[in-house]
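For reference, the structures are reproduced in the following blocks.
Consider the two complexes below, in which subunit A is the common component and subunit B and subunit C are the respective partners.
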Partner chain A sequence: MMTTWINASCILVVFLALSILASYRMAGMIHLFAAQSLVVGLVPLFLRQFSLSQNDLMIVAITIVSKSFITPNILFWAIRHVPTRAEVKPLIGIGASLLVSALLIAVAFWVAASLQLPGLSKSNLVLPCSLAAVLLGFMLLVTRTRAISQVVGYLVMENGIFLFALSLFDAMPILIEMGILLDVFVAVFIMAIVVNHINEEFSRQPMTLVRSKMGENT
Partner chain B sequence: MLLLKSIVLQWLYVGLMAPFLCGVIIKTKALVVGRVGPPLFQPFYDLLKLTRKQNVYSQTTTFIFRCAPVVVLSSLLILSLFIPLISQPAPIRFAGDILMFVYLLGIGRFFLIASSFDTGFSFAGMGASREAFFSCFTEVAFFMNLIILALLAQSISLSQMIGASTPLSWPLFGPALILVVSSLFLILLAENGRIPVDDPATHLELTMIHEVMILDYSGRDLAAMLYGAMLKFLIFAGILVPLLVPVRLGQAFPDLLVFTAGLIAIAVLVGIIESIMARLRLNRVRHLLLAAFALAFFGFIVTLWSRL
Partner chain C sequence: MLFAIVAVPFFSGMLMFLPFSKPVRLWFVLGAAFAHLVFCGCFWRSMPCSEFNEFLTLDPLGLIVLSIISGVFCLIAVYAIGYYVHEQRSNRTFCACLLFLLASMTLVTLCNHLGLLWVALASTTLFAAPLISFHRCPESLEATWKYLLVCSVGVALALMGTFFLAFAGHEVQTLFLSDIINGKILLSGRWLKLAVIFMSVGYGCKMGLAPMHSWKPAAYGQATGMVAALMSSVVTLCSFLAFCRIGQICAKSGLSDFYSSLLFIMGGLSLVIAPVLILGEGGLKRVLAYSSVENMGILVLGLGFGGLGVFAALFHMVNNALSKAVMFLTAGSIAQKYGSTRVSHVRGVVHAYPVTGVFLLIGLFAGTGMFPFATFHSELMVINAAIISRHYGLAALFVASLSLMFIGMTRIIFEMSQGPATAPVLAKQENFWMNVAIALPVLALVILGLWMPAPLEIMLRKAAGLLTPGVV
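Our next item is the complex of A and B:
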């Protein structure tokens, strides 16, 4: 019974990563990422079959709060304060990136099939799906030009790594997990500030170009 | 004789259900925005009204234009016999009937496209080219889903694939079936020109796909074309519902009730989606269809994985 839930949430994680790749609005991407983090955060509950120690419960709570509430809100704050266009600008088109991501999913499953890992995995879909999420996040990171969408790509990758760690360790080392979460949190925070600063630094640049062109015309 | 009876029953059910589902969608859309809306049986009245009118043909059209409604409607009527609706195995079934299914859809589509080129009307040509373009994507995704279902059911007959064994495959292959269902739903929206792809309520020439192709038809021919579109919705919903509602009670009548409820639920869902979403920009529709393909492909990989 639990395996079904774990499998379903693993599928959902990759599904949401695919929809993040297919979405062309920043806000939509962030919403989808929040949903994905919620699903990833719930997986430990299914892995432990709801019989959780206090530590586990704390990790679940902190993961969900930090990843699907705080981080998306920081990103929303960043896109509110940066007057950039709301649409993503991929280097390769969304259609092509969808096809490539379908291939990447196949690669992830192929790698997972030949990967012999120690530790017990309660569900056989966790490993390939986590690899697929990592690859899709990496794809997002590489093919997008706007900073915010790259941050989302980084976070999707992190979700994949989180899922991967879940499949490997029976008892999650709380210190490591907290460390990763803190890293991610700080990274997102810094990136939001950097995006803001880049914008302040270069906000006048395009305007001057526009002015000079206007001068030529008149 | 038994076959004849089941065919007649199936056609009776399909024939009455298709306009009714259309009415359900229109009613849902009206209710969501707070209007009363036309009665549920309005599509019946519309079709009856159209059959009483005479056909008007443009002078530039040839015999293709006149035979297209017949071909479209009859191909869809034959298609509807492949779906296990009333009797648990469908009236027509044989190994490999999924190929027949897809190609019959193709024949209907070919004649629809050919007839709209036949009018020499430039907007109809545009609509036809869009239909052809999008159907390239939907057919690939549809085939991918059929392959998954064939793998799950170990059969290449539609009656087996979405038939009695589906409730058994949900606990085992749930993840793959989730992907199949979501992919098929996107295909249903695209094939029937529903809202993220095309708006069936608009007659704005620059954006429409299906409506522009039947713009030159009138009278009985228009009724046949509209009826064909309703049948197509019922057929795609009829593939989706047995997967989505994995309940088989074993008796014909309760099963039919469950199935009808599922069909109405799909129609309501489509109506709600049409009310809360805007149509996608035309050059983004293919992304939606590629997403449907990617989901199906993912489902295919998951199926292979879980059979390892």
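Our next item is the complex of A and C:
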């Protein structure tokens, strides 16, 4: 029974990553990312069959609150003054990038097939799906030109890694798990501040980073 | 003790947000740096025992890196006092981030748990990023963005690798370095290889090795001299320490050859790419950034050669930190005097500022490995190790790369130091504090080049012994 739930959430994570890749609008991307984080955050509940210790519960709560509520709000804050909220000139068009993602998902499943999770796996979809999410996030990161979509790409990657990490709950002391969450959170925070500065500095051009000849300055 | 050495800079960093005046903050940073140095000195007298359920442990390797960090940070703190004489902006964020960076770098050297190591290394990226956008112009923002994104993604891959490593354990899954190295657990080959690849690529990104070096010229070119000095000499060392930790695990699990070949690819590429790209550059700090890429290549190559190579790499790690401090701090004082470090804007430094000009030339010779500076010896040792381990091709590549690098750097630095002097724009005089901060590492490089102190040699041998058991 629980395996069904885990499988369903793993597939949902990949599906949401695909939808993020397919969306043009900033707001839509961020909402979809929030949904994906919620799904990732819920996975430990299914893994432990709803009988969680206090520590596990804490991790679940903190993951969900920080990843699917606070982080999206920080991202919305960073783009609050941006007039055009659609993707400008991705390096690969949306259609083509979806085709490539289909390939990437196949690659993820192929790689995962040759690796065996030692013993403890409750579902054989965790590894391929998390790899797929990492690859899709990476794809988003390298093909999009807007700073905020790159941040979302990074976060999708991070979600993929998290999905993998959650099946490993026992080996990771809670303190380290918290540290990782905190680092990712602070990273997003600093990225949002930089995006905000970029918006102010490049206010004439849209958020695309202009590739200029890099010069020294005072 | 171990907790205290992390806590002192961290809480001092917190204090920076109080409404102090600018000079007070700077003297405070210097005070914290000296406290850190004193702690470090105590550790040389007697090794502290591990703390926090063995999460924090100091070994000889960690101690060497910690001492370099502490020493270079002191130099930066002294330099900052001179630098801020001509700087109008507030230094609140700057001082706070410097101290937080010191705290997280210290934590990296003390980690006995690979998860904690990741957390500490990732936080060095985060605290360094605000320091790069010091000048707050479009170019420096772009550089900050590049650095932040490339390093965060790289470090995310390393996190994936860390998890793979945890999966590699057959029965017990642990990420405690001491458990893995003392052979308490068995690691399965396939997962371990995957983990090693991911971690090397990830931490290599952070260290700025060749295929992942793109952030380096941008970030070092835009960061102010002291920040670039701090990043190129010690922040990169933290990632190198991670490489050493992976090396320890591989040596234990019989994967040394696999790991060496990985290091040869990354190191060799760095040695090829850096001298090629340096030729088209017109900015001093960007040229120095490529020199840093090359030196990182030398470090991982030394690690890959094993045996004497490891000792050479560790010795070069000390020398590289010192020489990069000299070069970037000099670049920083030129930037402050002329408002630029591009060749087209700066000429005849030797005539206008004799002391800075001489430091610029000394930096060139120290950085490219000339006698009597210690870099000469460590680079020679790496070549020696290459030949002993019968990697003749890599040895030839190494020599060719060093020569090309010398040509590339000489071209730009001679052009800047000689010729008719261009009129300086901002600071009209040499600054005592800044020159002291540059003179000290020069002195250390010369001393190390002529005579190796016994305690340092013993410690280096002990550290090398951790990586190649039974050889040294």
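Just so we're on the same page, the second predicted complex is superposed on the first by the 186 of 218 C-alpha atoms of A that agree within 3 Å, B and C clash if a C-alpha of one lies under 4 Å from a C-alpha of the other, contacts with A are read in each partner's own complex, and residues count from 1 in each chain.
Rule of thumb we're sticking to: contacts are C-beta pairs under 8 Å (C-beta built on N, C-alpha and C of every residue); 3 or more make two chains touch, one makes a residue touch a chain.
This is a predicted model, so every value here is computed, not measured.
Student: Quick check on the superposed pair: does A:Gln150 touch subunit B, subunit C, both, or neither? Answer first, second, both or neither.
Tutor: A:Gln150 contacts subunit C only, not subunit B.
Student: Which holds for A:Ala8: it touches subunit B only (first), subunit C only (second), both, or neither?
Tutor: first
Student: Is A:Gly179 contacted by the first partner subunit B, the second partner subunit C, both or neither?
Tutor: After superposition on chain A, A:Gly179 lies in contact with subunit C alone.
Student: Could you say whether A:Leu135 touches subunit B, subunit C, both of them, or neither, answering first, second, both or neither?
Tutor: In the superposition, A:Leu135 touches no partner, neither subunit B nor subunit C.
Student: Quick one: name whichever of subunit B and subunit C touches more residues of subunit A.
Tutor: Of subunit B and subunit C, C contacts more residues of subunit A.
Student: Look at A:Met191 in the shared chain and tell me whether it touches subunit B only, subunit C only, both, or neither; answer first, second, both or neither.
Tutor: second
Student: Would you tell me the residues on subunit A in contact with subunit B in one complex that are also in contact with subunit C in the other?
Tutor: Of subunit A, no residue contacts subunit B in one complex and subunit C in the other.
Student: What residues on subunit B touch subunit A, complex-wise?
Tutor: 171, 174-175, 178-179, 182, 284, 286-288, 290-291, 293-295, 297-298, 301-302, 304-306, 308
Student: Sort out for me which residues of subunit C touch subunit A in the complex.
Tutor: Answer in residue numbers: 55, 113, 115-116, 118-119, 122-123, 125-126, 129-130, 133, 135-145, 148-149, 152-153, 156, 159-160, 163, 166-167, 169-170, 173-175, 188, 190-191, 194, 217-218, 221-222, 283-286, 335, 339-342, 345, 426.
Student: Which residues of subunit A touch subunit B once you look at their complex with the stated criterion?
Tutor: 4, 7-8, 10-12, 14-15, 18-19, 22, 24, 94-95, 98-99, 101-102, 105-106, 109, 113, 124-125, 128
Student: Could you please specify the touching residues of subunit A with respect to subunit C in the complex?
Tutor: Interface residues on subunit A, with respect to subunit C: 115, 117-118, 134, 138, 141, 147, 150, 154, 157-158, 161, 164-165, 168, 170-173, 175-176, 179-180, 182-183, 186-187, 190-191, 194, 197-198, 201-202, 209-210, 212, 214-218.
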